[in-house]
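Both complexes below contain chain A, partnered by chain B and then by chain C.
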Partner chain A sequence: MEQFNNRNVADNGYFMVDIEDYPTDGWGKFKRVIDRTFKLELFVGLWVVMREMIKFDIHTISYPAEKMPIGPRYRAVHEMKRLWESDAERCIGCGLCEKICISDCIRMDTKIDEESRKEVTEYTINLGRCIFCGYCAEVCPELAITHGGEYEQASEQREHFIDYDYMLTPIDVMKQNAQKEFEGFGAITPHEDERVTKTPLSY
Partner chain B sequence: MSNVSINIDGKEIVTQEGEFILNAARANDIYIPAICYLTRCSPTLACRICLVEADGKQVYACNAKAKEGMNITTTTETIEKERRAIMEVYDVNHPLQCGVCDQSGECELQNYTLEIGVDSQSYTVQDVDRASHDWGHLHYDPGLCIVCERCVTACKDMIGDNSLKTIARGGDPLNAEYKESMPKDSYAMWNKLNKSVIGLTNGTDVLDCTSCGECAAVCPVGALVSTQFMYKSNSWELKSIPATCGHCSAGCQISYDVKHTSVHNPDEKIYRVMNEWNYVSLCGAGRYGFDYENRDVVKDEVAFVKALEAFKKADTIKFTSTITNEEAFILETLKNKFGYKLVNDEAKSFQTFLSDYSAVSGTSLYGSDLKTSMNSNFIVSIGTAIKTDNPNARYALNNSLTTNKGAALYFHPLADPVVDDMSKNIVSINHKPLQEETALYLVLDLFADKSKLPTDIVEYLASFHSTKTITVTETIKEKVIQIVKEMKVNEETGEEEEVEVEKSKMVPKKVSKEVEVDDNRLLSMLGMADDFMETFAKLMKKKDTFSMIVGPDLYNHPNSKNLARLVALVEKYSEFELIMIPTLTNTLGVAMINELSDTAGSYAVGYNTDADFVLSGLGEGDLDMPAINQQEGTLTSINKSVNPTNAALPYGGYTLNDIANALGLNAENTIDYTVELGSIDGFKAEAFDDLPDHYTNAGEEIRGYKLESLSTSTSSDENVIKIDEALGLDGAIIYLANPVRQFTDFTKNTTNLDEKSGVYMSTEALEASELNEGDSVSVKTDNGELTANIVCDTKIAGNITVLPTFDSKLNSGALVNGYRFANASIQKV
Partner chain C sequence: MDNAYLIETVIKVVVILLVFSALAGIGTYFERKILAFMQRRLGPMNVGPYGLLQVAADGIKLFAKEDIIPSGVVVPIFKIAPVITAATAFMAAAAIPFLPSFTVFGYEVHPIVADINIGILYVLGVMAIGLFGPLLGGMASANKFALLSAARAAAVFISYEVVTGLAALAPIMMVGSLSLIDFNNYQIENGWIVWSQPVAFILFWIAAFAETGRTPFHLIANDHEIIDGFGTEYSGMRWGLFFIGEYANMFFISFVIPIIFLGGFGDGTVLGAFALLGKMAFFFFFFLWTRAAWPDVRPDQLMWLCWKVLMPLAVINVVITGFVMMF
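Showing the complex of A and B:
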């Protein structure tokens, strides 16, 4: 994950491409038209395709049999995480995701449960409206709602994606300690410990 | 009170002498942070954050009074340090789970912590276990409590239940080092804070109060929350609909907080009721009785056609006063057009009372409002069970007693422990029913300016006075000289001999004296204590503003005309400012708008009341109507103001306006009639959308408009009938009054107001009888009989049995003949 923590793009093999400025005067534009007409650039492209075809150096993958790896910060369909300590759901029903959502697609119902705690009874995200901005994951104080890598949203019913149980980490995954933390929006940034001022405690 | 000018942060402002600096600053839009202060209540001095510098000295803005030429700085470097330290202290051990706190988003601790910019903590103390308590309708979490004592202050100074107090917290004392290192005020504040939490005065863990919920409303943090609202919704999800409470005549400004019902149901639902608690205090019905809407109504065309037929057939429209001014106006217009008789007994009696009053007073309306009562320091209440007839009148009475060092006389046959516990300066006179005239004559006798009062009344009052000789026993100390024989040694002889010695000592001795005193027979007629005049003299010390509250017992009294004239005389010839409690929500409005008839005709259409064809906002009639929380319109309050109210919830059915339109009137919306109210004396021609609805920072109520009190023609006839001394009910008595938090069938329909309907008896009356709570009894009077179960009401005392009117199924009104008291026999069945 170190490569993602380092946000200085200049270190990651990026380089500037040398592109000439577009011509602005009439003569320059005329020269460009003549260039493009007689250089037969089209065949340059076609040649590249034919060369690669003959070499059998295939750059595409056979989706859906094959899938590209997704970056850990990719913002696809939301996930609801569980606590490592108790396997309980992390969501405390604070409603901040509902509040911050700019497409107003999150709704929840809460009530007081038998132990006088706040309980989330219903939680839905209308993915038909969601723009996957990631604000909900960023605002979540418990790292409960995050994005996941599940970008395939074709289904007969949109409701298939707004089901709380669908988003929640399955308990067997949790038992195997296989829950993946989200590294993108809302995740704890590196060196956080150094920036926090400790509160004095009498304990 | 004279005006003084003071200077706050370079701004010259004019305020009243003796006004608190904080209030003066607020009224002039100058900001001083303050947590524990409640406008209208006495300063608590718990938070100390309102520190300011006045003429070079640090004072608390909430209790320092403005003096001429005062120079005030709201912030200095030392004050900044104090405020920062105070906010750090409040944050010590405060849970960080704002996400699951109901106050989050409207929390004053959050706001001030951010505003003062507390980004680090310097103080620490070990906390004690502060588990939460379920106090019944309220939930208290001491862990969240910052002990600002606003709940205690509101309960004591405004509501008068005195149900809350601070109790010891226990736990570690503060580290002694802090005394040196911390700013002075913040240390003192923390020292106190660390020792206390809020507890109940009754020593149990369940509240036994009038359940108004005002303490939870004023709580700046999430420590006190209403159990019904807990964890239901975040405050920011709710949309506030400004409205006027439709339960009683107080016409409190409230806001219905609405949101979709659930994830699956997008229909709006009311989650809670909020109020501007600095300026208006709600009762339990206003706060918790919000879900009385007529639900799931669709336009029932068949019923509508039947309704039109009924209107064509009818010669009478019966209605209750739980309607808006606009609807009352529609009814009046229909009456003028089709000649209906309008029947509303309770409004009719109030209307008659008002006109009888006007005949003597020369004004169409009583002269005062509840704010005047609240600011006065002597209140007399006659003819009203004040805590249930109009809770806001009760709050005004209590506030006057507690914050103005006031005193009060409470004339009512029904003993009321809530009223008695307000203060030691309130004297309850539980006279016999039907003796209200005697009480008013007594008020005239005690307070009226006899030089102006008509001579025949002066003479009549004088006839009650006589001098009587009473024997007063006094204890005096007397010097007694005794001659005692002592053995003494004779110095000359050296022998012991007996000598007589004089000794004096002080001995208490009882002496009987005959003194001539004034004997006022009115006092004994009302069954008042012998030493009342001494008590009265004490109560009257330093009193200069007087207010009289009269209530519905007078309007239905057999001699109501005479009572109205007496009331007018009191207002005219004494310093009393007068206020009358209208019986129901809009009784005053109906009394002014409608011309009412005494008797119904042969076929009646009823609006929220029994008749041949019933229009009902309660959902049980022949055609559904919207309830008050589903309507736009105006309501006339006890304060003579026409207050706008808005629809909090949608309504899908027909309204009275639809019927009126079908009958030939023409208005798109009911509120089109608001401007037409101007044609009625006292009302103004103002459009509904132009009516303001807010309080200013100075606490001024800017809502709708005030009714104009017109001068009426009076004859010089100020004759009043003399007291019929035979009047007065003895024996078993019933009284028509509701339990706290109930007013009409609308409050009965709500889910949170769970008062049981029945026959209410006080604990002492139950103990004295052979009856028990839950027993089924039959109550029989000359007018009728009913059978219901006994409910023990701890908020009443004495032997009078109370029958509620909020449950129309009980039909308690049929047992009396107008007047709310009656003789009855109560038998177990």
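Showing the complex of A and C:
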């Protein structure tokens, strides 16, 4: 997980490759031919692949049987979270996600219930249209709609792509305190405390 | 012609056809596995143990596929072209001694279909006729990629035929015979020809890559430039015949190189037979090895290499060999 959160990729052993310019004149080209002929570069290539074959360090993941870990910020099928305190749905029906959705795939319907609180009556995401941009998760003030890690998304019917109950954390999972918080868009990144600096007031 | 000879020949022909058709299939398995291992992949794994039955699955698929003849093609030529490739590849095998002669039930078997006195000439000539497969198939396909590939095939084969011929000429001058059996017997007495003809050996080896259309010179059916070249419009078993022809050619040229330059099967012992198979396996492996390691050259670079480097070297080699033999 740490490697996914580290954004300073430049520190991870990257270096500039020293590549000479291509020769333009005949003498330069001739020297390059001589160089390449007698440095036996072809055999370097042969040795490299032979070394890899002997080392037998296979990087293949036999996909349906094995799976790669995916990053916490991965944007796959949405999840609707519940409140830890009351197990109620977090969604307050503000409609921001519906408004910001650039592919117009979120629809929600709300009403004022008996206690004068706003209640969500209908909530659908048409995942057949969704482009998984992550704006809805980023804009949500309650961290209610988030992205999950479920990327295997195939079905025989379009209706399967709009299933709200499928996205909502099941109540028994919630009872076991097993709901996973989202670490991606909109969430507070790890180590955020260390990064916070005081507001400069000196000016 | 007595009956025993006739039956023996027919059996040998059938055995060679069956063994090398099967080997062509298994060759694709080896190629996929070895390329995969060299690129840190696993290769075919799911069909059978370690993907061994993948060959059978591919074969069934090829046989069961519809034989599509596109509407714009020249039908008779389009149909006959793959047959030419496969047939010439197997015809070339007639003059190759695969093993030393051995005795079965008191009957001496020579594992060569016909020990003709122009053996090497026949092998190279028939392999060169294989050019007509890609050429005719590409020209009859009514496809621009196929046409490009046909043009390249003609250029490459004709150019490298010169190198092959001139490179083989120096050993032929030394042996004084064209029969591959005579090549083998010459090397029992005088040591491997590769020690006296290293340049010819390298040139012949390089030209073998062009003759079989393997990777450094794979531009006849270069997937990333011209799709599958002459095979673009082919489907099912017609395409499969091109494939079998290509792989059979690889096996046969892998037999010819050791027989000409590396002592062949030696003095006819079992050890010599296995040595020949080992040498053949190395040359076949090298075809796959280079495919993993080396990039393809451009057509103009290929021509440059042939006419400005390899052919002059071959001519100089022949001239020097002639002078050495004369004095």
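As a convention for this text, the second predicted complex is superposed on the first by the 133 of 203 C-alpha atoms of A that agree within 3 Å, B and C clash if a C-alpha of one lies under 4 Å from a C-alpha of the other, contacts with A are read in each partner's own complex, and residues count from 1 in each chain.
Throughout what follows, a contact is a pair of C-beta atoms (placed from the backbone, for glycine too) under 8 Å apart; a residue touches a chain by one contact, two chains touch by 3 or more.
Predicted model only: the values in this text are computed from it and were never measured.
Of the two partner chains, chain C is the only one that A:Leu42 touches; chain B does not reach it. Within the superposed three-chain model, A:Thr199 lies in touch with chain B and out of touch with chain C [touch as defined at top].
Using the contact criterion defined above for the overlaid structures, shared-chain residue A:Gly93 touches chain B, although it does not reach chain C.
In the overlay built on the shared chain, the residue A:Arg73 is in contact with neither chain B nor chain C. Within the superposed three-chain model, A:Ser62 lies in touch with chain C and out of touch with chain B [touch as defined at top]. With both complexes placed on chain A, chain A has more residues touched by B than by the other of chain B and chain C.
In the superposition on chain A, contact of A:Lys111 is made with chain B only, not with chain C. In the superposition on chain A, A:Glu52 makes contact with chain C only, while chain B stays out of contact range.
Against chain A, the residues of chain C that register as touching in their complex are 34, 36-42, 45, 289-290, 292-294.
Partner chain C is touched in their complex by these residues of chain A: 42, 45-46, 48-50, 52-53, 56-60, 62. Taken in their complex, chain B has these residues touching chain A: 97-100, 104, 119-126, 132, 134, 139, 172, 230-234, 236-237, 260, 262-264. Interface residues of chain A, counted against chain B in their complex, comprise 92-96, 98-99, 107-112, 116-119, 122-124, 141-142, 197, 199-203.
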